[in-house]
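In the two assemblies presented below, chain A is common to both, partnered first by chain B and then by chain C.
Then we have the complex of A and B:
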């Protein structure tokens, strides 16, 4: 069955070059991408996870606000009964934040220098291969 | 007698003293040099395609003596936290030798979203300075006489109106206001703001309003159009920069001419906001092709005759996207060469990215090194000594022609669609996405090598240091913001909002009404939301905030 991957960004972050490229790369790899683009609120994004019945979610951040945004997002996912949908994050993720992110249950952390094939693999396995 | 430094905070006097000067026209060994070099005998080809520096079509430079007559302005962007935090950063930059106040607003401010918006809480002040009200702008600019000190603002929406509000509120005439901002809204739509935040036609109208108003009322205020920097970073080649940038410029000029603005006046106030990326020779060629393309367009298409309209001034910032996260000190090599390309290409102002750009908001040390780098280029390398030092090189001349020819072809396609439509229907975004995908594929296949990305990746690279600042001021700033909303004079605030809405609905120029609204303590979110409503869009792009008043139908 085709994997349904929801991609988007939160808040006012406009650095969408990476996630747009990723969307195309994933599509070319046969993954069904639901691309929400920039300027989503946490509530709107969680609604989309439910409505779109996503198998995996990818959020991208250039903004240093990512730790707080991810905390809010993970909490809202849990409160809305979709806390088990795997979440991957990418962008300017600082190594110092890997541990707190893992503690929040994020298994896919694709910071600077990540390879596209590793991300494709992770999405194909619905967040399985790195766990 | 009034002293020229009256009204300026003593801590800011360095701004007037830190000017970069040409320290030497001889080579390092002592050989005397001329301002420029050219062929022994000029022919028609040289005259039409190149000309000497300062001569039409300005391929070889905007001014005859280039940096001998005026050095480039050494810029360094600052912006984080509350106005007080950014002010502290500016003072440190001035102490290190910076000679311009260059402020970047945080994304909420620049996108016209208030800091108390429920969807953006964690972002306030993180990636730029939070400046949601005129009061905040006054805090940042205390002791800065805006008639004497040039301030540069890296955003489109409300920068001019906020600075103009401070200046007017101090009782000074807008006619004396110095500085610059970048009123290019089509670029914003293309670089990630999208139709959701800035529908193309609405944004473009706002940009044309600002340019029309500034041309008439603040002739010393420079306008950075197009903001091609972000376009390139989003995903365009050098030829693409010229094509998309010129498409925006041409549409803007056409609209201004319809409003009765003379092309000579409008074009004279404009500087092209450009980029210098890692390919040294290609960037040098780009700057040369760009000036020629601009001059010919202004002359042949618009009938401009004033030299100031025909010779393009270029403001340049080195590419942030080209910098690499791993082993970030390598980025000093990249920015030095990018800056050298910009100077060989004849730019009028230059900002070098700090080496830690891919890691975080610049640390104070990284900003210091960025300034030192330009001082080394100015004084030791001889980068400014001779205008267009690479002119006449077969390679550079051929690249210049090729970049220009590619740009001509791309522009033709965009104009066939119409630039507003090409922004709205995703045509230009597709060009950018295709460019990025090609780059990514080449990186994945090692057909394009970037040190520290797909080859020569250091192992055990130490974790990079992050810029951190105390969030106390941001908390106080947020508290002040909510107090201002409680305490402001509701009658004048509401009247100003209504006037702004009605002006926009009636198709008038909204710039004066925006300035007046900010003086009446309207916030940037209320200002931008009101303009959105007047143009037929929802008040809040996130759908989370209600309009503060019921507008007239």
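Then we have the complex of A and C:
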């Protein structure tokens, strides 16, 4: 079955080069990317997860506020009945934050130096797990 | 709600999550939602179904965003089906139409679904009809379908929408383009977007002349050609008025509307028939399919004879 992966950025972060590159790489790997771009709100993105019935979500951050945003996002997902959709995080993620992110249930953390094929494998495996 | 499948009942109760789920199942071509679709189709019929089509980059998504804002200010509940192409190489897609509609992201009066065409060539996706069935049952006031960026002959939207809005720009070609068969013939409203572009007036006049000399798309309806600037909303109100006028015209010409609906439903059923036949040939047990293919290659059989053997075995 085709995996539908929702990609986007929260808040004021404008560093979209990475997530745009990822969108194209996933497309070339046969994934359907629902691309939300920058400047999304937590509530708006959760509505998109619901209407689009996304199989997996990818958020990219290059700003320091990501722990708080991710906490809000995970909470809003759970409150809206889509807490089981896998979430991956990419961008400038500091190693010190891996543990708190894992404690929030984030299984895919792709910081600097991550390999594209590792991300593709993650999207295929985790994205297919709900179907 | 006795006897109603629970998933259909959830959709009828307005559950976005279940609607999203059922559209995914329809996209996968899974026939186990047929009971739900049966219930939902019978419950539908109240939504206006508005198609927006046009070449890539004409401004369809930006125009749609503008249209949504105006319709929401009238308190109308809106569903959007935005279709983008699938990669012919990988089968993947980047569905980017939501980026233009971001300001509506938190609005609970709107349902937005992106769909990949998944090999469908007529400007829609194979599951677009099922998605409309599901959304129509939720009694949205308007269901707006944005096709993939089209060329000249992708006219499947005709089989799904009550009204077809064609987006053009000043760069859409000369007078010869405007009299060719295809997409221009099916437009109930033509919008010339990016109206601040040089050449817009000329394009509008060319299209007006074309429209005046062709067969009407609906009895008593003269297709208007309207300039817009979707980035700032200029001209959008005139398009909304034209949509309302079109529906009044539909209401006033019962017999003609019936004929048009029959033509539309015929197109929708034919689209389903094509998909079903393709599916039927694809699931044929390999030996019989291979044998027929080899028989055609070796000229023991003509391709049409193979088709009859494969699809209508009882008659051959």
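Remarks
Everything that follows uses one rule, which is that the second predicted complex is superposed on the first by the 126 of 131 C-alpha atoms of A that agree within 3 Å, B and C clash if a C-alpha of one lies under 4 Å from a C-alpha of the other, contacts with A are read in each partner's own complex, and residues count from 1 in each chain.
Note that in this section a contact is a pair of C-beta atoms (placed from the backbone, for glycine too) under 8 Å apart; a residue touches a chain by one contact, two chains touch by 3 or more.
Because the structure is a prediction, the values reported are computed rather than measured.
In the three-chain model built by superposing on chain A, chain B fits alongside chain C with no clash.
Of the two partner chains placed around the shared chain by superposition, chain B and chain C are both touched by A:24. In the superposed pair of complexes, A:81 makes contact with chain C only, with no contact to chain B.
With both structures placed on the common chain, the touch criterion links A:116 to chain B but leaves chain C unconnected. In the superposition on chain A, contact of A:65 is made with chain B only, not with chain C. Chain centres taken from Cα atoms put the angle at chain A, between chain B and chain C, at 100 degrees to the nearest 10. When the shared chain is aligned, chain B comes close enough to touch A:15, but chain C does not. In the superposition on chain A, contact of A:39 is made with both chain B and chain C. After overlaying the two complexes on the shared chain, residue contacts for A:96 are found with chain B alone; chain C is out of touch.
The gap separating chain B from chain C in the superposed three-chain model is 5 Å, by closest C-alpha atoms.
The intersection of chain A residues touching chain B with those touching chain C, taken from the two complexes, comprises 24, 37, 39, 41, 43-44.
Taken together, the chain B residues at the contact with chain A in this complex read 107-108, 111, 113, 118-123, 126-127, 191-194, 196-197, 233-235, 321, 324-326, 358-361, 432-433, 436-437, 440, 444, 452-453, 457, 463-464, 466, 541-544. Against chain B, the residues of chain A that register as touching in their complex are 11-17, 20-21, 24-25, 37-39, 41-44, 63-65, 68-69, 72, 92, 94-96, 111-113, 115-117. Per the touch definition, chain C reaches chain A in the complex via residues 16-17, 19-21, 23-24, 27-28, 86-87, 89-96, 98-99, 102, 105-106, 108, 111-114, 116, 118. Of all the residues in chain A, the ones that touch chain C in their complex are 1-2, 4, 23-24, 26-37, 39-41, 43-45, 47-48, 50-53, 81-82.
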